[in-house]
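Across the two complexes that follow, chain A remains constant while its partner is chain B and subsequently chain C.
The block that comes next holds the complex of A and B.
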C-alpha cells in the first residue's frame, strides 16, 4: 500500500515536473535590442515568451558594444527584434556573431519593429555634411504611444510567424494593450467623444492640440475633456524646447512641445563656440524654457546653456529601464510626463 | 429657465383665483403643500427637458467634431516601404579610409628597404573597404590597400579578402561555428587583427614589429570560430578560433614556402556589472618543422580591461591592456648563410634554441566626446639576438572632429641596444578619415 502510494506519488511528481519543464521549453525565446521593445514584447507575448534585452535602459542605443556576451545571449533566440531606422547598427554584428541562423537578417526570426512607420526628420540630402544622420529618418518612434502600438503590432506579426498556435492569444493581448494605451494617452472621455482613429490622425498630423483647444463641447474647450497623459501634459503643452540630440520629435508631436533646436551642432557633432553662442541668443528670443537631455549624455554642456538662458534642463530616460521603477511602457510614459510637468512648473529661471 | 417658470406659476395662481368663486366651496382649495408639490413636478419636468436638449446639442456638436475637416498633413498615413529597385541596390557598401602621417625625428629613421622616413610627410595608407552579403549563408569582405612604405610611392595590394560563412545549408552550425576563408589578419594577440588606422596609437608596438612584422602579418587561410560551452556563468563568453594558414610572411618564420602553419586562439570575455568588462586571450602559432627549417612556435597572452559607464557616461571610458609575446623557436646556427654552410660541410649547421620575449602595455582615458589620451610602454627582445632589448614610451592624444575624422598627436622615445635607434625621439601627427557607408562602430573603444 505504502509502496504503491510512493510509486504513484513519484510518477505524478515526474509527470508534473516533465510538464513544467516542457512548458518552460515551449516558451518562445525572444531577444530585443532595446529594453522598450522588451517591454512591448512582454505586453503582447505574455507567458508564451521569455524575453531579454541586449541594451540597457540608460545606455545610448546607437553605441552598444557587440560583445561576445551579447552574442552568446542571442544564440538560442527564436526571434531577434530591433527597432530599425539604422539605430542599432551593432545588431547585425551580434546576430552574425551568435552563429544563430534563425535570427539572421531576412529570416522569419528577425523582426524590425519600426516597419511601416512614417518616420519624421527624414533627411532630404544624404551627406555626412549633415552629421551622423539616420538615412531613414529619426529612429526614436517608440516615444509616441500611438507608434508604440504599431511596433507592438509588428512584434505580434513576428511572434505569429514563429508561434502560429499562439496567434489568437497574441491578437487578444495586442488589442488589450492598444486599448490600454489609448485610454492612458487620451482618457476615457475624449476617446469616447472623438474616437481613437480621428485622434490618431490628428496627433500624427501635429494638429491635435489645435483641434482640442479651438473646438468646444458644451461651452468648454475640448482639451478639458482630455484625460490620461495628454490631460496631465497640459502644463508643458505648447512649451518651446531644445533637445540635446534629435530624439524627442515623436513625443513632442503628440504632446505639443515645440522643438526649436539641438545642443549638438549636427547629429553626433559636438557644438563649437559660435554655434553655442547662437543657440543661447536664440533661446532668449524664442522663449525656450526646456532643454531635454537623454540620461546617458553628459549634462555639462546643456547645464551651461541653461545657466545662460534660464531654461530648465530635464534629464529624461528614453527607454524602459532607464530609471528605477520604470520597467513597463506605461511607467516610461508616466515618468516622462510627470518629469516634464514638474520641470514646466518650475518655470523659467534667472 | 426662470422666465417660463414664473409665467407658468403666475398662470396657475390666476386660474385658481378665477375659478374658486365660480365653484364656491364645493372643491376644496389646494393646500400649500399640494401647490408646492405641483411646482416641484413642473420644475423637474423642465430640468429633464433642458437636459434632453443639452444632450441633443452635445451629440450634434460631437457629430460636427467627428465630421470636421481631416488632418491636412499626409504624415498621418504610414509610408509605404521603399520598393524602388535599382541596379546599384545589391552592390557592396563601400568605405574609404585615408591615413596621413607627418613626423619629426631627432635621428635618421629608415625602413626595411633602406628608405629614409624621418622628417617627412606621407599619405601612409588608403584602404577601400567593400562589404556585402554574398547569399543567405555568407558575407563577403574585400579590403584593397594602397600603402606607402616610402613617401610618394604606393604599392597596391589586397589587405584582406575573405568570405565569412556564417551558416551551413545542410545543418545548424554547432556551437555557432563560422568560417572565414581567404586572406585575412590572423588572430594572434589582440592587435594584429586591427588595421593600422584602427589602432589606439599611430604606430604598432615594438613587440608586434619584432615578432610579427612592422605592420603585423596577413595571411591566406581558413579560420573556424566557435563558442566554447561555458554554462556556469551567464556574463562570460569563451570563444575559440582555429586557423590554418599559409606559412611564412611573419617575422618569426619569414621563409616563403608552401607549408602550412596553424594558429589557435582562445578568448574569455566577461562583463562585470553594466560598466566594466575584461577579456583575456591566449594565442599560439606553430609552423611545423619542414625541410631545412626548424619548428617555429610563438605564443601571445593579451588582456584588456574596459570601463565605460552608462548613465551620463556616454563620453567617458578607460582602457588598460597589453599583450605579451614569446617564442620558443630554434635558430639555425651558422657563420655563413645556411645554404653555404650546408654545402661546405653538411651537418655542420647547428640549431640554437631561443626564447625571445616582449610585451606592450597601454592605458587610455577618454576626456570627453572628442578627446582621448593615453600612453604605451613597449619592451621587447629582438628575434635575431634575444639578449638585445628595445624599449619605447609613447604618449598620445587623439582628437575626433567627428566619428569620421580624427587627428592624433603621438610622441615616442626609444631606448635600444641597437645603437642606430637608441635615444630616438619622434613626434608624429596623424590624420585619419573615413567616408562612405557607415562602419558599424568607428570608435575603437566601443569595439
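The block that comes next holds the complex of A and C.
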C-alpha cells in the first residue's frame, strides 16, 4: 500500500512537472512587425502567447533593420503578424531570411492583420485601371479604434489556427477587448443609445459627427452624451489640419478632423519652392489650424509652414511605444487625444 | 508687385547662398591645396555624433532650454575632431591624410548608428535634424549666422599669412618657424565650427560643392590667391543665382539645383580651358565634338530601351454602368459601397435595380445594406420590395432595420411602417426609437407626441394612435 502510494505520488508529481514545463514551452511564439500589433496580440493572446515586435515605436515603419536577437526570435516564431497594405515591405525579407518556413507568406503562420479592412485613399476605379502605384491605399488603419478591433479579430483567427485548444480563451479575450474599446471610444451612454453597429457605420461613412450634432434627445444634441475619446475630442472636432505624411486619414475620419493637405511632396525628397509656397498660401486661405507630424519625421519643414501660417505643429506617435509611457493600445489613443486637445486649446498663434 | 511677392520666398535662401559663397570659397582654396577634400564631411559627422551623445545623456534638442547644451556637446566633439586631424598630418606621409579622414567619417557614422539603435526613443529624427535645407532657412538664422561667419572670417583675415603658408607650402612654413600643429589645430577648429553650422542650414551636398567646385575652377585658371578668390567668388555667386532661378521656375528642390548648376559651371570651364590651352586647337574642337556626340549617343541609345508599358485599356469600350456592376460582384464591401452610390445616379439602366436587389439578398455587410436600401429607396422601383421585406425580417440592428423600413415606405409598401412600430416596441432600440417615431410622424403629417425619455404610460396613447394610422395605410 505504501509502495503503491509512493508510485502514485511520483507519477502525479511527474505529470504535474511535465504539465508545467509543457505549459511553459507551449506558449505560442509570436513576432509582429509593428509594436501596435504587438500590443493587440497582448490584448487578445493573454498568457498563452509570447510576443515581440521587430520595429520600434519611434521608427519609420517603412524602413526597419532587425538585430540578431530579433532574427533569432523570428527563427523560433510560430506566427508572424504584419499590418499589410504594403507598409512593411521588409517583412518578407525578414521571414525568408529567417529560413523559418512556418511563417512564409501564404502559410498558416502568417497573419495579415489588415485583411478585409476597407482602405482609404485607394485610387478610384478609373485610376486603378490606369495602374496606380499604391493600389492598396493608406496602411495606417490601426489609428481608427474600430479598425483596430478588426485587426485584433484577424489576429485571433491566426492564433486559433496555430493553437486550436486556446480558441475559447482567445474569443473571450477578443470580446472583452472589443467591449473595452467601444466604451473607451464612445462612452457607455452613447453606446446604449445608438449601439456600436450604427456608430461604426456612421464613423466609417464619415457622418458620425454630423449625426451626433444634428440629432437631439431631450433638447440636447447627442454629441453631448458622448464619453470616452470621442467626448474628449470635442475641442479639436471639425478642425482643419495638414498632415506631414499620409498617415492620419483613419483617425481623422472618426474624430472629425478635416485633412486638407499633405506637407511632404514626395517621401524623402525636399520640396520645391513653388510647392512650399502653394501649401503655405493654401493653409492661410483654408484656415488650417493644426499640422500633424509623426514623431520620427524631421519637424523642420512643418515648423517652417507653421511659422508662416500661425498653425500649430502637433508631434504625435503613430505607434504603441512611440513615446515613453505609451505601451498599450489604450495609452496610444489617450496620448493622441490628449495631445491634440492640448494643441487645439493653445489656439492659433500670431 | 507680383514678381516681388513671388520672390519674397527666395530672399532668405539667396542671402544664405551669398554668405556661404563668400566664406566657403576661401576655405575651399585651403582644403583643395591641403588635399583634405572630405574633411568637411568628416567634421560634420563628428559634430552630429556629439549631438547624438547629448541626446543619450538625456538632453532633448526640441526643448529650447536644451538646445544650447546640445550645441556645446557638438562643438566639443568638433574640437576633438580638429585635434585628431591636426595630429594626423605627417611630414613624409606613407599613408595619405585623406585615408585617415575617410576612416574617421566611417567610424563616426557607424558609432551614430550604434548609439541610436539602443536609444529608447527620440533619436530617429536626429540624423535628419542636423542636415538642413537651404529653402527652409528663416531670416532670423541669417542674422546670427552673419555674425558667426564674420567672426571666423575676421580671425582668418588677421592671420591669413600663417594659414596660407601652411596650406600652400607646409615645409617652407615650418622652416620659417611657424608652429604647424598649433595653426593646423586652429584651422580645423574654425573650419569645423563653420562647416557644422553650414551643414545644419544648407545640407551636406551643398556645403561640399561650395567648398570644392569654385576652388577647383579657380585653381585651374589662376595662380595668385587673390585672383583665385575673385574668380571663385564669381563662380559661386553666379552658380547660386542660376541654381535658385532654375529651382524657382521649374519647382525643383533648391539645394540640389544649385549643386547641379555649379557642376555645370565646372564642365563648361574645363572644356573652355582645354580648348584654350590645346596645342592643336582644331583637333581639340573635334575631340570635344566627338565627346558630345558619344555622350548624346549613349543616353539616346539607352533611352531606346525604356520599359514598354502595356497599352492602357480603352475606357470608352466599357460604359461606367458595366464597370460599377462589375464592382458589385467584387466581394469587397468598400468597393461595393462605392459602386452602389455611383449607380444611384445611373438608375435609368434596366440592369441596375436587379443587380442591387441581388446584392441585398446575399450580402452580410451592414454597411453595404445601408447604402443599398438608401439607393433603392431613391430609385423607387417597386420590384425591390420582396428583397427589402426579406432584409427587414433578418436579425439586424434597429438603425439598419429603420433604414430598410424607410426604403419600403418610400416604395409605398406599408409593411415598412409595421417594421417601424416593431422598433418602437423594442426596449433596446435606444435612439432608433426616436428616429422611428419621427419618421412615422412626418409620413402621417401629425405629431403623435412620442417621447422616448418619458414614462411608458404617456407614450402608450401615442403608440396606439400610430398603430391606428399604420393600419389605415394597410400595414
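The rule we apply is simple: the second predicted complex is superposed on the first by the 309 of 350 C-alpha atoms of A that agree within 3 Å, B and C clash if a C-alpha of one lies under 4 Å from a C-alpha of the other, contacts with A are read in each partner's own complex, and residues count from 1 in each chain.
Throughout what follows, contacts are C-beta pairs under 8 Å (C-beta built on N, C-alpha and C of every residue); 3 or more make two chains touch, one makes a residue touch a chain.
Just so you know, these numbers come straight off a predicted model, no measurement behind them.
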> Looking at the overlay on chain A, is there a clash between chain B and chain C, or do the two fit?
Replying inline: clash
> Regarding the shared-chain residue A:271, is it in contact with chain B (first), chain C (second), both, or neither?
Replying inline: second
> First (chain B), second (chain C), both or neither: which does A:89 touch?
Replying inline: first
>> Just to be sure I read the superposition right, which of the two partners does A:324 touch: chain B = first, chain C = second, or both, or neither?
In response: second
>> Under the stated touch criterion, which partner chain does A:104 make contact with: chain B (first), chain C (second), both, or neither?
In response: first
> Which partner does A:304 reach: the first (chain B), the second (chain C), both, or neither?
Replying inline: second
> So which one touches more of the residues on chain A, chain B or chain C?
Replying inline: B
>> Between chain B and chain C, whom does A:194 touch in the aligned arrangement: first, second, both, or neither?
In response: both
> Which partner does A:68 reach: the first (chain B), the second (chain C), both, or neither?
Replying inline: first
> If the two structures are placed on top of each other, which part of chain C overlaps chain B: 80-88, 116-124 or 206-214?
Replying inline: 116-124
> Touching chain B and also chain C: which chain A residues?
Replying inline: 58-60, 67, 118-119, 131, 193-195, 198, 201, 204-205, 215, 217-218, 222, 269-270, 295-299, 315
> Which residues of chain C touch chain A in their complex?
Replying inline: 6, 9-10, 62, 117, 120-125, 128-129, 132-133, 135-136, 138, 247-248, 250-256, 309, 312-313, 315, 323-324, 327, 332-334, 337-339, 366-367, 370, 396-400, 430-432, 434-435, 452-453
> In their shared complex, at which residues does chain A touch chain B?
Replying inline: 56, 58-60, 63, 65-69, 71-73, 75, 86, 89-90, 92-93, 96-101, 104-107, 115-120, 128, 131-132, 150, 193-195, 198, 200-202, 204-207, 211, 215-218, 222, 268-270, 295-299, 315
> Which residues of chain A touch chain C in their complex?
Replying inline: 57-60, 67, 118-119, 122, 124-126, 129-131, 192-195, 197-198, 201, 204-205, 215, 217-218, 222, 269-277, 295-301, 304, 307, 315, 321-324
> Which residues of chain B touch chain A in their complex?
Replying inline: 54, 57-58, 61-62, 65-66, 68, 70-73, 75-79, 81, 133, 136, 139, 164, 166-167, 172-173, 175-178, 226-227, 234-237, 239, 267, 269-271, 274, 277, 279, 308, 310-316, 368-370, 402-404, 435, 438, 440-441, 443, 446-447
